[in-house]
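As written, the chain order gives the labels A, B, C and D, with residue 1 at the start of each chain.
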Amino acid sequence: MSSFTKKDFLQDVVQHIDIKAHNVVSLVDDMGKTAFQARNLARAAKIYDMMLNDKDCAVILTLAGSLISAGLKQVIIDLIEHNMVDAIVSTGANIVDQDFFEALGFKHYIGTPFIDDAILRDLHIDRIYDTYIDEDDLRICDDTVAEIANTLEPRAYSSREFIVEMGRYLEEHGKDKNSIVYTCYKKGVPIFVPAFSDCSAGFGLVHHQWHKPDAHVAIDSAKDFRELTRIKIENDTTGILMVGGGVPKNFTQDIVVAAEVLGYEDATMHKYAIQITVADERDGGLSGSTLKEASSWGKVDTALEQMIFSEATIAFPLIAGYGYHKKGWEGRVARDFNAMLSQSQELDVK
Amino acid sequence: MSSFTKKDFLQDVVQHIDIKAHNVVSLVDDMGKTAFQARNLARAAKIYDMMLNDKDCAVILTLAGSLISAGLKQVIIDLIEHNMVDAIVSTGANIVDQDFFEALGFKHYIGTPFIDDAILRDLHIDRIYDTYIDEDDLRICDDTVAEIANTLEPRAYSSREFIVEMGRYLEEHGKDKNSIVYTCYKKGVPIFVPAFSDCSAGFGLVHHQWHKPDAHVAIDSAKDFRELTRIKIENDTTGILMVGGGVPKNFTQDIVVAAEVLGYEDATMHKYAIQITVADERDGGLSGSTLKEASSWGKVDTALEQMIFSEATIAFPLIAGYGYHKKGWEGRVARDFNAMLSQSQELDVK
Amino acid sequence: MSSFTKKDFLQDVVQHIDIKAHNVVSLVDDMGKTAFQARNLARAAKIYDMMLNDKDCAVILTLAGSLISAGLKQVIIDLIEHNMVDAIVSTGANIVDQDFFEALGFKHYIGTPFIDDAILRDLHIDRIYDTYIDEDDLRICDDTVAEIANTLEPRAYSSREFIVEMGRYLEEHGKDKNSIVYTCYKKGVPIFVPAFSDCSAGFGLVHHQWHKPDAHVAIDSAKDFRELTRIKIENDTTGILMVGGGVPKNFTQDIVVAAEVLGYEDATMHKYAIQITVADERDGGLSGSTLKEASSWGKVDTALEQMIFSEATIAFPLIAGYGYHKKGWEGRVARDFNAMLSQSQELDVK
Amino acid sequence: MSSFTKKDFLQDVVQHIDIKAHNVVSLVDDMGKTAFQARNLARAAKIYDMMLNDKDCAVILTLAGSLISAGLKQVIIDLIEHNMVDAIVSTGANIVDQDFFEALGFKHYIGTPFIDDAILRDLHIDRIYDTYIDEDDLRICDDTVAEIANTLEPRAYSSREFIVEMGRYLEEHGKDKNSIVYTCYKKGVPIFVPAFSDCSAGFGLVHHQWHKPDAHVAIDSAKDFRELTRIKIENDTTGILMVGGGVPKNFTQDIVVAAEVLGYEDATMHKYAIQITVADERDGGLSGSTLKEASSWGKVDTALEQMIFSEATIAFPLIAGYGYHKKGWEGRVARDFNAMLSQSQELDVK
């Protein structure tokens, strides 16, 4: 048994980087005249700026990997607040375990990967590479999801609908309003988590269903797909800014095909697409598959696509900051897709 | 417009490797005396063999990446048929777009990544790295899912329940009975796809729901989590064989915590854990996160865990083949978790 | 035969990024409060700043990968000119094929990896990932090396000595004096290329030796090692800034051991060490091996070491720019190790 | 201070895998019908078999990474003994620190990367990822190189010439004749180490030169390049089997250009080329650069080239074993390039 206490490890709080404070436009522009990934990063930043200047373009942000715990929350909030993002598709950890968790007043702590995990285990500290979380805080986050579910009418919800309810909860109970879930709630930006049980929300929902076997909230991932496809149907021009790959990447690319399947045969491919990833294409997996490959599936146009091979904590603030400081967002308005999706959706079955 | 036809590209069929035909035991044993990933591979193979010899151990196989299109279907079928796997957690593509697709009589074709994707796009050929698919065949697969959904009572299903229905469909209509979905159906091995809409099934289900707005099938991912957690609750000793990372990895590791959340505070960590992946841990993402990190979360025991850094088409047949030819499975019986899960599940709420 | 001409491909010149124009200090400081590689990058930048503030510290820069062709030449020149680097150990390509090549008046061009290399082959265009070179220009570079060798007294030279002669050549014939080789020549900063034949210099030297079989210039890599070790012997405190791995990394780490072998048993490990690399440690290769592993060999102290997992075009300007704008170099003086090394070296054989 | 002793860590000896004992032909053939890296591995194995069946083809093996310490020594010896390799280009560590080291009677030990390197440092144990070496043994290896150098006539040698002397030393003093250096010595297979000082040999040679400042052995890397180019000049058809990248890869690819520079303008590109590597092409570095890129430089023909993305301890025995058991080597004879290179070389200056 080690003589450490939890406090020894949970000292320095991860602080979220503020793209507004760093004008990286000239830096990124100069990177564009060099080579390799600096040039790719600059091209991606320019494509993002093009999306923002294309007033018809609905911008979908996809998030995979542990981004919020890694200090990227403020980047995403700034994108939402300045109408630089119209919808979000994410893994559950980012939205529930990390953003909603911080909104409940909890924190992520600076740690190290060079540690004996048995010590952490004993102390109820969970590790994400070089970052620590108080596991007891996380259990409260799980419970809060169960509590929210317990208040809802038993039926099938999309993850988006449930996350709206999480935003509503934060309105009253949130301790840190600087939250992705809360900001999206206020602005009507939908958040989709296609594998919603695969995170803290899963624990809460299992607890909810276990104790209410007869009538309970269900999370219908098909409804998520239907709603996200709706956004494609309503927006001829779409662009995707992908941080990491995984389910959010695939799910978002797929809506072009889904629109076709629903009879919208003139649905256009995503016009703009950029992805930040360290995944390798050589294992044939989706996370590292090229956007050119996606074009064979009819999902992404190849004229304005760019992959950037970089870990996200370095590349994402540079790309987002470039978009912010170029001010292409100034003429954009909030789209409030949540309002659109809440209206009856199946009026126009083809 | 190119002068190619679809037939020019869809010629050579991917053939599934047969581990039964290759006794790799001495090869793998000798690898274990060398270093680096050969030694890791051998240790992983030995841990898998230990799982099989531990008659109390429920073995969960997780699948991410395009494995079936890549010729690994027979490996998985052999594991199922020889009671070497008791439950499967997978991405949707493997189960629906690829295995169910082949069961409908369609094929994957040998291709190349060095191709102009615009030509493929024109010909309705979809590419997965170096493999081709006839997109028109895939649309039939989507439609078949919709057709199955249309026959079902409207309610919330776990993906597992829906996949059982897909197996039942194959019983009557399947053209190639050498199928993971069908073999699992017969043997009662549950298949969970936590992000079930993120694949061909999503297209079918969106179509189904779109045309039946008032009463339709929903896929409840919380129910998936509840059912998979049930397996942990019922089996004190568990081992996980992970091919790739992603949602299947996380979801399966999480059931230890979920059991605790449900009051089973003595739920034990996964005793055995091996993962084949090329993902890097340095981006902090889940796919490449070490199993030691998972131990800080209380999910995986560290005594018998092993990561193997290798692309799966090379490493998985060697590990599975080692397990097969060592015959540790001979004393094992089929667990038929599907039967257990179909019974009333919430009898013992704590 | 394609209808392209060389000119179609050799249009846009790679431009070298200027760290002096971008004050990244606050950006990098803020990265240090986040996680993953952004935090690692910031810690590395701070360690570099510590090296510069430690007036006793001799700073050795190691270069592997195609860095000069990729627009990083000016970064390195700025480090040299501001006494932020006291010695360089590099692969040959950076120094000869790329820097010396540009000093002769030639350029690198912006290209793309998505190109049919057969077309480039026909046009005598050489490709480095996304960058193009006129192969005919490169032949002139080879010939110039042969020409320089032809003027020298036949004996064994260290690569450092030969590169000094290349600097001397540029004094008279250089078309672009903004050159690493030339700047080092003026400032007395030694450049070592331990595998000197493995580049354009090799072609020139083979030509020289082939035509002068009886008496010619030889490049003695043992002399390189002896000279570099001398720098360790004369400088108790050393720090290494490594861009990529390969021979330059290993060679530079090894001088601690070499000093011991020569009887300087109190030779201290490199006190500071940072490495930018995308290489993976899991193949057991040197390029990706951790600096902690190097400490088991007695080469690198672990208190102030940091690996950064990032492609160099993104990370190197940020780290170098941080060091530049923090101005730790202001109190440093040029060490002119070339002068020291040119003096008789073996006076103090132990 | 830990209470461990050296013996606690240096227990289990790494054992070299024997490809002769494992007939992998049908396994590899079946891999060729699947996808991704298994298919690439099979294609590479077939290309290697084609090299062996092409009786005009001189086969050059390049080695980078820690391969001998990792249990691959016997694989390479078997290739040499069965005339499956005609020349070797390697990093120094493989040849001197590892093979020559074992020939002196020392061993590599099975270790773990999950260890506190400070403990190893205290015990004089050097770590290569998961393998341990007794540092005191390594010092004897360094000294032996110095001892050999001390017996030689002072002049410039190619690394090949020096390694021949190492083989000669082993004839009398070797404790383990199952050695690459010794087997090559007997068979006349040249070994080139273009960065010869970058290994244990460097320590020995620095010691030698330091104590004999006036007249000593020099290692002329230009002579290495000249000699290796000679092999290209004398062999119209060449094939390269590359394990890892680095200097050996580049150096060997470059000899086609070097032959042209010497006036042999009809020198043909390497007809066959395969590379096993985990390096990524996206950093623009040479180790991961594609063989297609090399074709733009006129170095490698693209008809019969294949990259395999796999760590070498897994892939190399499979490819080498395939070549061995297909018996394409049966009709081949030993080429004894050492004899050719020892003759006067510059008779035919153009």
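In this text, a residue touches a chain if its C-beta (ideal position, glycine included) is under 8 Å from a C-beta of that chain, and two chains touch if they have at least 3 such contacts.
This is a predicted model, so every value here is computed, not measured.
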item	value
Selected from B-D, C-D or A-D, interface repeating A-B by over half of its contact pairs	C-D
Comparison of B-C and A-C (more C-beta pairs in contact)	A-C
Geometric centre distance via CA averages, subunit C-subunit B, whole Å	47
Where subunit A and subunit C are represented by their mean Cα positions, the distance between them in whole Å	40
Where subunit C touches two or more other chains at once, by residue number	35-37, 66, 69-70, 128-131, 278, 280, 282-284, 292, 309, 311-313
In the complex with subunit D, residue positions of subunit A that touch it	35-37, 280, 282-284, 309
Subunit C - residues contacting subunit A, complex	14-18, 21-22, 24, 26-27, 30-31, 33-39, 41, 66, 69-72, 108, 110, 114, 128-131, 278, 292, 309-315, 317
For the subunit C and subunit D complex, residues of the former touching the latter	64-66, 69-70, 91, 93, 113, 117-118, 120-121, 125-131, 135, 139, 142, 156, 194-199, 202-203, 205-211, 213, 217-226, 229, 244, 246-247, 250-251, 254, 257-258, 261-262, 278-287, 289, 292-293, 295-298, 302, 311-313, 345-346, 349
